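Two complexes, one shared chain (chain A), two partners (chain B, chain C).
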Partner chain A sequence: MSALALPVVRGRQVWAWARIAFCAVMLALVLAPLLWTVFLSFRTNIDLLRQAPLDLRGPYTLDNYAELLRNQTLFRWFFNSLVVSTVTVAGVLTLSSLAGYAFGRLEFPGRNWLYLIVLAGLAIPDQSVILTRHQIFSDLHWHNTYRALILPGLSAPLGVFLMTEAFRAIPRAQDDAARLDRANAIATFWHVLLPQTVPALASLGIYTFLLSWNDYWWPLISATRPSMYTLTEGMAAAQSNYVEVLGKGVLMAEAVVAGLPVLIVYILFQKHIVNAVTGMVKL
Partner chain B sequence: MRRRALLGGLAGLSLAGCAPKDPRPAITVQRIFGDCRAHVPKGGAPTQNLNGECEIITGLLDRFEAENPDIRLNVNAVAWPGYDQLSAQIAADDAPDLVTMHMAVIPDYQIHGLLTPLDAGLKAQGVTPDQFTPVARRAVTMDGEVYGLPFDAWTQLFHINMNLFARAGLVRGGEPVLPRNAAELLDQARRFRAATGKPYLVQSSVNERAAFARNLYTYLLSAHEVIFPDPHHIRLNTPRAREVVGLFKRIHDERLTTRDLDYVAATTAFINGEGGVYIVGTWMIGNFDNEAAQAGRPLYRGYRVKPYPALFGDPVLPAFVDGHAWVMPKRRRTPEQERAAFRLLKFLSVHEGDWTRSGHLTSMAAVVGDPVYQAQPHRRDLMAITSYGQGLPTDVQRQFAIQAMLSEELAAAITGIKPIDRALTDAERRINDMLTNLS
Partner chain C sequence: MTGWLGRLNRQGWPNLLFALPFLAVYAWLLIYPLLAGMGLSLHRANLFGGARFIGFENYIRLFRDATFLQALANSLLFVLMCVPVLVVLALGLALALNRATRFAAFMRSAVFASSVLSVTVMTIIWRQILAIDGGLLSHGAHAIGLPAVPFLSDPNLALPSLAAVTVWWSLGLPMMLFLSALQQVPRSVYEAAALDRATPWTVFRQITLPAITPALVLVTAYECALQFQVFGQPQLLTQGGPNGASRPLVLYIYETGFNQWDIGYAAAASQMLFALILVAAFVPQLAQRLWRRA
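This part shows the complex of A and B:
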């Protein structure tokens, strides 16, 4: 090895180690609060109240999880969240991919104006329409129903934008090829183009699921009967006034349980997430 | 086989749909205080935290249900403080029949005609306003009508670590020695710090939306200062206000208090013996008593709680008092539902003494003299507050928002972010801006 090459190799090694160290630090920063939450969920409330900082040697307990299991309504709230999130994801994926296909591939009068109007929805914060929305659902007597919890989530301008861009990124030649094979617009959408947007669909689905699963404000004011609470709302309602002092262990156990579906979604779809993110970077 | 099962299921469902309607009047109670059903079995005693707010109210409502089988009771536990949900329910014409409400919040709803006056209904059940303590009666009475059944009175107090006080020589005849003026407070705090190496005061000062405002209200009310000259204005930049804020700033500057703690950290610090006096509300008494009963703990046999000491030579003793009440939002009800709701109010007024086990003070005059109530820990020290404590005027709206804005500005003054004058002027301007723009 020449004298000139040695510093270059060393430089590369240093750079590689620096990158690993940087990633390790970032990983630790992300993982620390999650692990701390899990750790706290296995400690008794009295320990959490008395000890600061906490002793890692224990004692540990399953009491907080046992208390969760005794709370039957928690399962109802979990089920509600699951229904609302799953149906919302299905609805958003269907509507956004159809709209994205229309905006991205089809020619029709007023397309650009319509697309602009949809995109303008991105600039309107949820808070500014909440009163009107609440009034509409009141007039329809839809509060405390799944309809009320699901419908607002289906309006997803970001989803339409993402899917439009995903459809636009597919070469036009594929439409022509499909047309030569006598495929109509629906067949082209379903058999040729939609399968190529799976990474975008995956990222949109995960994003929508997270948004819906973690939503608090709309369920808070629309679902006012405990049987219709979602998990976020139910957990907040179940907290005693001073839970942050007196019931921290149970609170942490609830946080762990509430976070599990999100974790499962990530584990199941991580390949698609990576593809979606790298795909979007390429766009 | 599968078809038969399906038909059977459908038949079952349709029969369930034909089940006779429950003829009992149904009422819905909406409350805060959390959900503790996991350790409060229906009809049984709580398996833990006997004197917790959630445990007591759950037990009381269970008992009402058991004693009144002719009424169907639905209970909504909502996230604290519950006003977003209530406002949304009122807008959707789906308000509950009875709701827990902080007394200071009642005007927000009463002024807009959203609450039912309770006088006649309560009177029919034998509950009259003269049964309430004076401070509670004032707080729930607007335009000559009663809009809430008082359920308790709460106030901030001096929670004292007697073990540390003893080390600082601040215990005489088994009683804590509390200051009689501002100079004495500073002197005792310095002595305390020198003897124990710990700050005299434990305070929650980070993300704190109320404590500083309550401190100020306490010492303004005891001086008969008019905080709200009219329903749309607050007056804060007064010599007394500057004096009170100046005292707390001095305590902060001389490190005679804990710094940069939020509510949880401050509570943990007090329990772990990190300071002499924790200024927090009545609701923590039960928990600190539990700590005082545990051998080896810093508070073991060393916990007392006292009202704020008079520091400025005022004509009345200092105590700013608020409380929880039960209100009845306006909505269509059958006469049977209305009677059922008032029966529940009567039940709650009779059992208000049980609720005070949580640490809250009573709002019922008869309970003040009740030996069972007096026998509860520390009640003899605190009972008088129910007669001399003062609330805020009932014609001023948005007291929660006012408290938050004021506390923010006071925190800025005490920690040195703003000069005291400017913080008080800013607080006045922000609050008046809000009050003058209310409909």
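This part shows the complex of A and C:
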């Protein structure tokens, strides 16, 4: 049928069908792993240990999730992640908006050179500074503390770049008006300019939250005590140890519970996240 | 006194105070570790003893170290496997989804959603797909009477499997970047092409592709730099095995520095990584220049 029809359909229609087929395949590939994980998290451990294909009709169980509620360490990791991510966001927003104001709006000697040095930092990967960064915190005996987990996140220059751009985008006339009112630099910053950077602050804040929540590299190196693990680091420990102890079903439930907060943040603030990542690369 | 302060004030020095908190943290935790790391790479050092200056000996040792060379080759291979697929699929998705329908919006969200998951959650998910016992793919293979494939334990399949997983995980960002580039192409150009009854392929070749070439170069450079930093996927899914077949540079640095505590040597390896990332970020731009001249 389609072979007969093909010669007469116009090229445009072939492209339209190709587009639909491509989208369908990609959607299946994107969603299947996620759905499979959710599916496994509702199956009993005995069921998961059998080699036979799983019966779609069940049995289904909530035992794996009930097991999670009894798991105190998971709450501890969740709490650690919440503390680290929240404080990191607050810190990044404060430091970046102050520095962005200075670089984007004020004059001082050496400003352009300093800004160039800050931008150059965007090219430095965390992995290439890790050994000496680890030493800094070892010398201070700060490993396994919140400040060790938080501080390196504050040194990333991305926020300064985004905020400098945001301050530059505000029309000059507004500072001049503030100057006529004899407002000083701090008052101009706080009352006139900062309120106008709220969209940029929101994008940066949510992006920083995700980055900090998902960071695996630095917590793995700095937080070696299980009570100081972040949720992301804890999920690594979980997948190597817990399968034997608690079973695969519990691990799947943990993955769902650990993945859900970021997915919810993403669904709520999708526009901001996309703004931040596209703004970041447009440098 | 007031004259001196007044002069500082007129030159704008107090304004520097706004940038100072960030600059302090930046210097302390990014610039200093970078420079100190370069210094450390010239020393034989471990975490417990002192450090002895040995010049470039660590670098010479690296190039005679089969494990390092294997890791270097793995990283290059990984980037070569990941980035072209990522760029082509992301561009395809961006072209297909650059429209204002509800389905396109849903699909954009769905594709990007996987990239907000942490690497540790992502590997838990994918182990249940790829695992030889009880993985989704082995269930599928059994169902149609085929033997299960050892994706993560076959030396020839481990690295490609990690690349496939990484493509799944990182597709969202390049797609969004392409979409934002596509939206900047003026609509009138497409309308003119439609009047000329240009085929979709001609439109893509003559209008879209030239318009998004900068984005294409940018995304390629960014992804090259990013994928050289791959760590969590091999560390969690294959532990770099079998026999180092899937151990990339960052995993090598991690093991050398934090399992063997040979930190001077690991610092040398991390300088190599830094150099490689800088090169990777500039090669696509360079290629574009040469292409244009040719």
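To be clear about the criterion, the second predicted complex is superposed on the first by the 203 of 283 C-alpha atoms of A that agree within 3 Å, B and C clash if a C-alpha of one lies under 4 Å from a C-alpha of the other, contacts with A are read in each partner's own complex, and residues count from 1 in each chain.
Note that a contact is a pair of C-beta atoms (placed from the backbone, for glycine too) under 8 Å apart; a residue touches a chain by one contact, two chains touch by 3 or more.
All values reported here derive from a predicted model rather than from experimental measurement.
Shared-chain residue A:225: touches chain B; no touch with chain C. In the superposition on chain A, A:138 contacts both chain B and chain C.
In the superposition on chain A, A:98 makes contact with chain C only, while chain B stays out of contact range.
In the superposed model, A:82 makes contact with neither chain B nor chain C. By the document's definition of touching, neither partner reaches A:192: not chain B, not chain C.
In the superposition on chain A, contact is made by A:27 with chain C only, not with chain B. By the touch criterion defined above, A:160 lies against chain C but remains apart from chain B after alignment on the C-alpha atoms of chain A.
In the superposition on chain A, A:73 makes contact with chain B only, while chain C stays out of contact range. The partner of chain A that touches more of its residues, comparing chain B with chain C, is C.
Put simply, chain A uses residues 49, 134-135, 138, 221, 233, 236, 238-240, 248 to touch chain B in one complex and chain C in the other. Remark: chain A residues 49-50, 52, 67-68, 70-73, 134-135, 137-138, 143-144, 220-222, 224-226, 233, 236-248 touch chain B in the complex. Touching chain A in their complex are the following residues of chain B: 32-39, 49, 52-54, 74, 76-80, 84-85, 87-89, 91-94, 263-265, 267-268, 271-272, 283-284, 287, 297. Here chain C touches chain A in the complex through residues 11-19, 21-23, 25-26, 28-34, 36-37, 40, 47, 89, 92-93, 96-97, 103, 107, 109-114, 116-121, 123-129, 133-134, 136, 139, 142-143, 168, 171, 173, 176-177, 180, 199-201, 218-219, 222, 225, 229, 231-232, 236, 250, 253-254, 257-258, 263, 266-267, 270-271, 273-274, 277-278, 281, going by the rule given at the top. Touching chain C in their complex are the following residues of chain A: 11-12, 15, 19, 22-23, 26-27, 29-34, 36-37, 40, 48-49, 51, 53-54, 94-96, 98-99, 101-103, 106-111, 114, 117-118, 121, 123-136, 138, 151-152, 154-157, 160, 185, 189, 210, 213-214, 216-217, 221, 231-233, 235-236, 238-240, 248, 251-252, 254-255, 258-259, 262-263, 265-267, 270, 273-274, 277-278, 281.
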